[in-house]
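Multiple structures follow.
Both complexes shown next keep chain A, but they swap its partner, so chain B is in the first and chain C is in the second.
Let's turn to the complex of A and B:
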């Protein structure tokens, strides 16, 4: 992950997010990663792991009272954590753009999609009426919205979920960003639509050399669409590396548990005896945000916990070729 | 495992939704059956009619035509009141587990009360017997007995779904219709609930009609599968069809979307414009 720092377009270092003041509460506890142009990094975790907060922090959109307590976000030459309001407006959309999970609530219901897109373009570019319309149609073409000319005057409720998500992606691309954050972009969509949207995103990424931060809870999707993966648990990245390496040789017990909890992908794992394979359960539940136990946050649910797991936060152990895991027992297990 | 008479038999079922005077065929001539102890997986995307079908089977919606037989008895056009009347008491023998575990629970009732309610409605007496059953059901779904004094908001999503399952089990049903029971849950919790459903099926010899859009989940749990598209069954067969022997192009396209299975995707033709999948 940290290799080739000079090529990275965005680099987050030791980000801590929470509530400051007299009773401080840390929800994201020291997260670092970097994004490369043309590559996708998947940030994977269950609800409450802090992955969405991390995305909002990159755009400085954290809802109060949450704020970035510590760390730097380097984008090009600038540190996003230090930007003022005007510079942030420039950054959002033109530097870093975001696609949200729920396409209907992210669109204005009383404005045609053409006008909404035009608005997004105008923030970054002064164009004549005609040029603006051409640019809007060009964006809708990019995301392959069928019948773009006819759809332009339609309102969001007239579009299907997949089409709405296309419009949102078009809006995100309006400012020609270099980094695209996609927070569960297809969770609300049907399986066949999900695949179309992700394939399209991958194509756009190649075309524009976009760096994509894909936030997801779905490891299968990560296997298909991400180059790198970082697994979050209770506000920390507990394992990271190339998607191929982490998913085929997971080292952290949590990542292993997550992979085992998925229904199997091959019929071979279901023997003909008629006996169903039991899914691997991770006992217990995710700790509440800001209330991770001391030491290794996963220790209370981990089958390999020993005394020293609870004594100090586990350091990152290098497993090979940029693959790291925060577990003190990584070396001993098979 | 199965007797000759299916537990549930649906024949030529047609259900319409009305919208501004227009009738939309939500379920269009659907026939299938569920045998005792069997899990039938019902797959389809949003708008395919799978939830409408489930609600019609449970008597929450009325069909235009067709027949629903439960244990050999035609229950299609019986009145609301007769759902409850002995000796058939179909309502007792068919239960449902919903997708959103929080919305399905009354926020102002204690868990004990929630699980006890179906027994109250069906006149199970005395109170001490009901209370004993509540504790028993809680332990069956892996919750401590002190949970009965707490409220739904005090539980996590997975625990709430366990409470829903306990309530569905309260009347010792034979068929449970599960409408997307794990799609709102985190992955690690999903496995806990799927294992629980599998264990309970063996213990109580339950039949499941298991509705899901998630092929890998259905593939894991079901014995037989039904694939719905725009209100119709387009394919039906043993669960093996989901491991690659599916014939219908729609099923094949669905299979190609299972994430993490890029291998299957390369072989499938992207013939679908899935955005068209709307009955409206």
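Let's turn to the complex of A and C:
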């Protein structure tokens, strides 16, 4: 992104994820990005674009047979791709933590939320019973769970979706991580609860200087909460830059397609002009993971495809101020 | 999932009246065992009267005497302890061994799973009772060898049950979430997966207690039991010799075994219903 490499807390370089062996299959095909402390990078894409795999790869938790085939992940001074089991456990939770999409299934149904939270704390800290309880309440306070003292003995199914997600975020924060990966953290929630959770996350981020990797398909969220945006398509980042720049001047036809397929983004401060626009869908479907066409993966669905699009993978073109797009026709069709 | 609150659980359990009845039987047997030294102090194997005293004949021996003149009531009360102890130890031993093996096999899959499950199949391929007889015959029969032999034939079914549950749970989000917090595998297995396996495990364990009592009784009946021990099984074996002129000697321990086993099975069924309210039959 815009700032220098040396200030980043997490940096992925040319990550390729897939199945190795005799018949190699690449699902994530060379993804690079860096996360700054206190900033939010949004990883945007349709399902199947490889964004969730990317998140699991950062924690080295890819389900077999998938593995990181190539590339490096640097967290501070640590090369995550070379860590052993014990060091990885230390990294997970205390370095990089993750919040899942579906808060009900991400909580253990037979354990009270207080105990689950205590378990998450105990992974990284030995505390006395009383200190543990204080820390649990402190975490619940941090995520502003109402009536924390009374909720502590409740089971997950007794809580509302928003409360569950708060508990889950509290669990993620238990190890005092420096990077938080939020994989569609509000997709399962009501719109109003979404805003509350995201506002709270933003506040926590300011307080602790957390770097957040926000994985989402919702460009509206991205516009309001992210500093940087990286748009993924078929396992590659096809456009990246600051949120303001990418959303106001999208360069790649896919990003434009995504923006055209949803109601216009309107900052809360700007009044509704009442103008209605017809939404345009992107024709075709996402290629199956690992079976992206040669050349530009988006070419079969792109309205601007020319012959040379199919001949070689498009290089990244700099559009301005850290804004890059992988499209050979970026210059012509503005 | 089931919320494990004592009051709510009892409400579910007590809906099945037969299960409450079963619990009453089990409680009766346990209380009888615990009170044995109070009701009938002294050595139950001591000869205290004439042999072949029928029940009710001599008020000192409400259940009569056996063919050596020993008090049957005293034998019944003291023998219950041995039968129950073997049933409970076997159930706990098999749950521990089978549970551990099932957790490991289901969580790690691959080679670990293949080896452990083939091992389980070896034990399951031989008829259980036969295997117990062979093991007991190889070693001298005692509480420990008989218990171990019954555990050896009982653990595979528990291992399979726990393995299946573990395989289902390991792919659940909350296990994945725990991994992202840096929780270690043993901790995930014990604090996250095991508690979710407990309902079926508890049900199976209770039923296994009953089958442990039965197998031990069977062993004793054919004369392979612990000769020094007094259990309902050994009483059956002794009474067998007087089946024609003193059938009551076999009838009391025999009926006691049947009733206790039924009681424990009813409790098992009740627990099953209480853990799975959806599978509950109406009325019950």
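FYI, the second predicted complex is superposed on the first by the 318 of 334 C-alpha atoms of A that agree within 3 Å, B and C clash if a C-alpha of one lies under 4 Å from a C-alpha of the other, contacts with A are read in each partner's own complex, and residues count from 1 in each chain.
Heads up, the rule we're going with is that contacts are C-beta pairs under 8 Å (C-beta built on N, C-alpha and C of every residue); 3 or more make two chains touch, one makes a residue touch a chain.
Fair warning: this is a prediction, and the values are worked out from it, not measured in the lab.
> Mind checking chain B and chain C on superposed chain A, clash or fit?
Result for chain B and chain C: fit.
> Would you sort A:227 into first (chain B), second (chain C), both or neither based on which partner it touches?
neither
> With both complexes superposed on chain A, which partner does A:257 reach: first (chain B), second (chain C), both or neither?
First partner only.
> In the three-chain superposition, say which chain, chain B or chain C, touches more residues of chain A.
Partner with more touched residues of chain A: B.
> Centred on chain A, what angle do chain B and chain C make, from Cα centres, as a multiple of 10°?
80
> State whether A:11 touches chain B only (first), chain C only (second), both chains, or neither.
A:11 sits against neither chain B nor chain C.
> Between chain B and chain C, once the two complexes are placed on the common chain, what is the minimum CA to CA distance in Å?
So the smallest C-alpha to C-alpha spacing between these two chains is 13 Å.
> Please give the residue numbers of chain B that touch chain A in the complex, ascending.
45-46, 156, 158-159, 186-192, 194-195, 198, 213-217, 219-221, 240, 243-244, 253-254, 256-262, 265, 270, 272-275, 277-278
> Flag every residue of chain C that touches chain A in the complex, lowest number first.
Residues 1-4, 172-174, 176-184, 187, 191-192, 195-196, 198.
> Using the touch definition from the top, list the residues of chain A that touch chain B in their complex.
Residues 46-47, 146, 160-163, 190-196, 217-221, 223-224, 257-258, 260-265, 267, 270, 276-283, 285-286 of chain A touch chain B in their complex.
> Would you tell me which residues of chain A are touching chain C in their complex?
Residues 59, 61, 88-94, 97-98, 100, 102, 105-111, 119-120, 123-124, 155, 157, 168, 171-172, 174-175 of chain A touch chain C in their complex.
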